[in-house]
Amino acid sequence: MWKWIQRFSSPKYFYSMSAPLITWFSIAALLTGLYGLYLGLFVAPPDYQQGESYRIIFIHVPAAWMSLFIYMVMAVSAAIGIIWQIRLADMVAAASAPIGASFAFLALVTGALWGKPMWGAYWVWDARLTSELILLFLYLGYMALQSAIEDQRSADKASGLLAIVGVVNIPIIHYSVEWWNTLHQGATVAKFDKPSMHIDMLIPLLLMAVAFKLLYAALVLVRARNEALYRDRNRRWVRELIEKL
Amino acid sequence: MLKAYYHLLVRDLRLALRNRHELANPLIFFVLVVTLFPLAVTPTSEALRAMAPGVIWVSALLAVLLSLDRLFKQDYDDGSLDQLMLSPNPLMILVLAKVSAHWLLTGLPLVIIAPLLGLFMSLPSEAVTVLIYSLLLGTPVLSLVGAIGVSLTVAVNRGGVLLSLIILPLYIPILIFGANAVDVASDGLPVTGQLLFLGAVLALALSLAPLATSVALRITAAR
Amino acid sequence: MNWSEFFHMGGYAFFVWTSYGVTLIVIVANIVAPVMQRKKIIARIKRAIKREQIELANSQQMANSGKTE
Amino acid sequence: MLEIQSLECVRDDRLLFSGLSFTVAEAQVLQIEGPNGSGKTSLLRIICGLRQAEAGKVLWQGESITASREDYYANMVYIGHLPCIKGDLTVLENVRALLDTRSLSLSTTEIEGALAKVGLATYEDVQGKALSSGQRRRILLAFVELSRAKLWILDEPLTALDVQGVALMESMILDHKRAGGSVVFTTHHGMQLDCEMSSVQLGRKARLQGVE
């Protein structure tokens, strides 16, 4: 069993296996995304309260979901890397951070753009936006620590531990921000995820979420391949590969 | 094991007391930053009272943050940290000793000086009491969580800004509940919930942070 | 529904299209960045291989010419 | 006593050594030799458990050092490049602080005896910052002497020591060996040890060599 895991998690094996996966994930992401966009922009009816502006949520909500999801992936793979010394897991964690940060950034920008017509201001201290902002800070901290430590292995372990600490903290942060928000704002602001969402809106939303997940899968593979090449730059398999190029 | 805890605690306290001028620095910083705010706005007592909880808590956060460096920096630089890790005692106990010393030297003085700052910011007396309680429960968490951050960044050159970048987001829950407890208390409302939350976070930090810190120290030493 | 109406987005055109535009930019950047990075890494490794070959040749030359330290 | 099994160490993606195996028996003195950057310090830190090896095991009394951690650390003492001395503590307090990490509380006379042996008699109440670097190293020697460890791991113990200091270190090692203790050390200075000694050679290789 252990040997099996070691074999399949070797960067060399990963490098050769991931190439076709990237193609498939990209195609699937593109198709789902285009169909989701079609349904979201053309088929879904305008919202009776928000008019057309609600169409921003087809990006905003999946992006926010993804930013949280990627942080979880990052922390779990960092934990695997620390506990079982599997280098591939460290690579996946390191590769995930910039993508997660991008999604968090997207969620913030689209949230602000959605907020302006709704609340009359680009930024309000809404619980979701605030949590998202803190999440972006967590990503930036991870990336800063990762790049500040020169020794690659220590950098992986140290930033990995930070990601795990972050994951323990996220529920606490989330809870306290929610609580703080209800205290200061009241429940006057409209929330994105109304429980009674129209099915025509829900389907494109879910499609976009799937598309983003597939996109992440493709992107993380591309980045992890880069990490594998870079980290193993002095190893034989990389040398042989490069010489063939 | 208790002996190891005690010895290290005493050593750190003794070291700090031999450097008294350095010891006072975070405290002076704390008072100074709080003093800046009334100078920056119209210092009517209503305005000050409204800002007070946030201002005092943010200043306490920054004061602790600036003092975190002393937790492991010196030991790392002179090699004592290696010796601590080669101790037959569990590293967690030693981490706990160092964090306790840090809190006694920075957190506790902040708690003690806080009533004075409450006075500066014209907080009512009930709010000052709650301020003390909230700092008493909150500052140990700042030391405990901060220890994780320092042990990750102690080997990084010019790690100061990096440390704040990775630690401040983790301080947010403490800030929210600490400041809010004081805020609510100055309106004369009960604050048991907030203090309970701070207590729960303290218990959580007390049980998990020393573990995370010792893992982090091992990562740092392996460089 | 006609196209101008579609692009108008019920008066929210700026917000909706900026959102989608920013998203597109971020996604494209996320695709381009690792591709560029990959090129850089490969170039770097190639240079390293060349450098090592030169070093190896030099040291062999030194050994052959009988120079001892 | 100590068994090193096919250790591999990689630093900055450079293979320092691999397949390194040796044992340290009782009353054995072992020198780790090799040029700068060959991984001597890394090897010693791996043996101490401060660093993780890429592959391989370090066994203490037949058990891995993570499993036998408590027993191992009670019987092993390590001194590295850094002096571990606090400028604000006195010599006596510094020794005490070092011994505390090993949960050893010794009497003042015993510590004074060791300090006298390393040439620091009457220095007990001098603050660390007033000492020269050679004197700081001597405090470490006193610590090693008092540590009651069977295994000494010394990384460049002669750094900053004068002629008498070197002679002192040599006699300490000999005495330790005579008492059945073992020493693993590195040094760039000549150490004339009048006893049987083994060595492990680390080379400057692998720079150009690919690793699987």
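Observations
Per-chain residue numbering starts at 1, and chain names A, B, C and D are given in the order in which the chains are listed.
The rule is short, and it goes like this: a residue touches a chain if its C-beta (ideal position, glycine included) is under 8 Å from a C-beta of that chain, and two chains touch if they have at least 3 such contacts.
Every value quoted in this text rests on a predicted model; they were computed, and no experiment measured them.
For chain pairs A-B and A-D, the one joined by more C-beta pairs in contact is A-B.
Most remote from chain C, judged by the distance between CA-atom centroids, is D. A separation of 42 Å divides the Cα centre of chain B from that of chain C. Once the centre of each chain is set as its mean CA position, chain A and chain D turn out to be 47 Å apart. Per-chain CA centroids place chain A at a distance of 32 Å from chain B.
Touching two or more other chains at once are residues 151, 233, 239 of chain A. In chain D, the positions touching at least two other chains are 52. Listing the residues of chain A that touch chain B in their complex gives 82, 134, 137-138, 140-142, 144-145, 148-149, 151, 153-154, 157-158, 161-162, 164-166, 168-169, 172-173, 175-177, 179-180, 183. Residue ranges on chain D touching chain B, taken from their complex, read 45, 48-52, 69-71, 73-74, 76-78, 80-86, 88-89, 93, 97-98, 100-103, 105. Of all residues in chain A, only 41-42, 46, 51-53, 55-56, 59-60, 63, 98-99, 102, 105-106, 109-110, 113-114, 116-117, 215, 219, 222-223, 225-226, 229-230, 233, 238-239, 242-243, 245 touch chain C in the complex they form.
Listed in rising order, the residues of chain A touching chain D in the complex are 85, 150-152, 231-237, 239.
By the touch rule above, chain B contacts chain A in their complex via residues 145, 148, 152-153, 155-156, 159, 162, 165-166, 168-170, 172-173, 176-177, 180, 197, 201, 204, 208, 212, 215-216, 219-220, 222-223.
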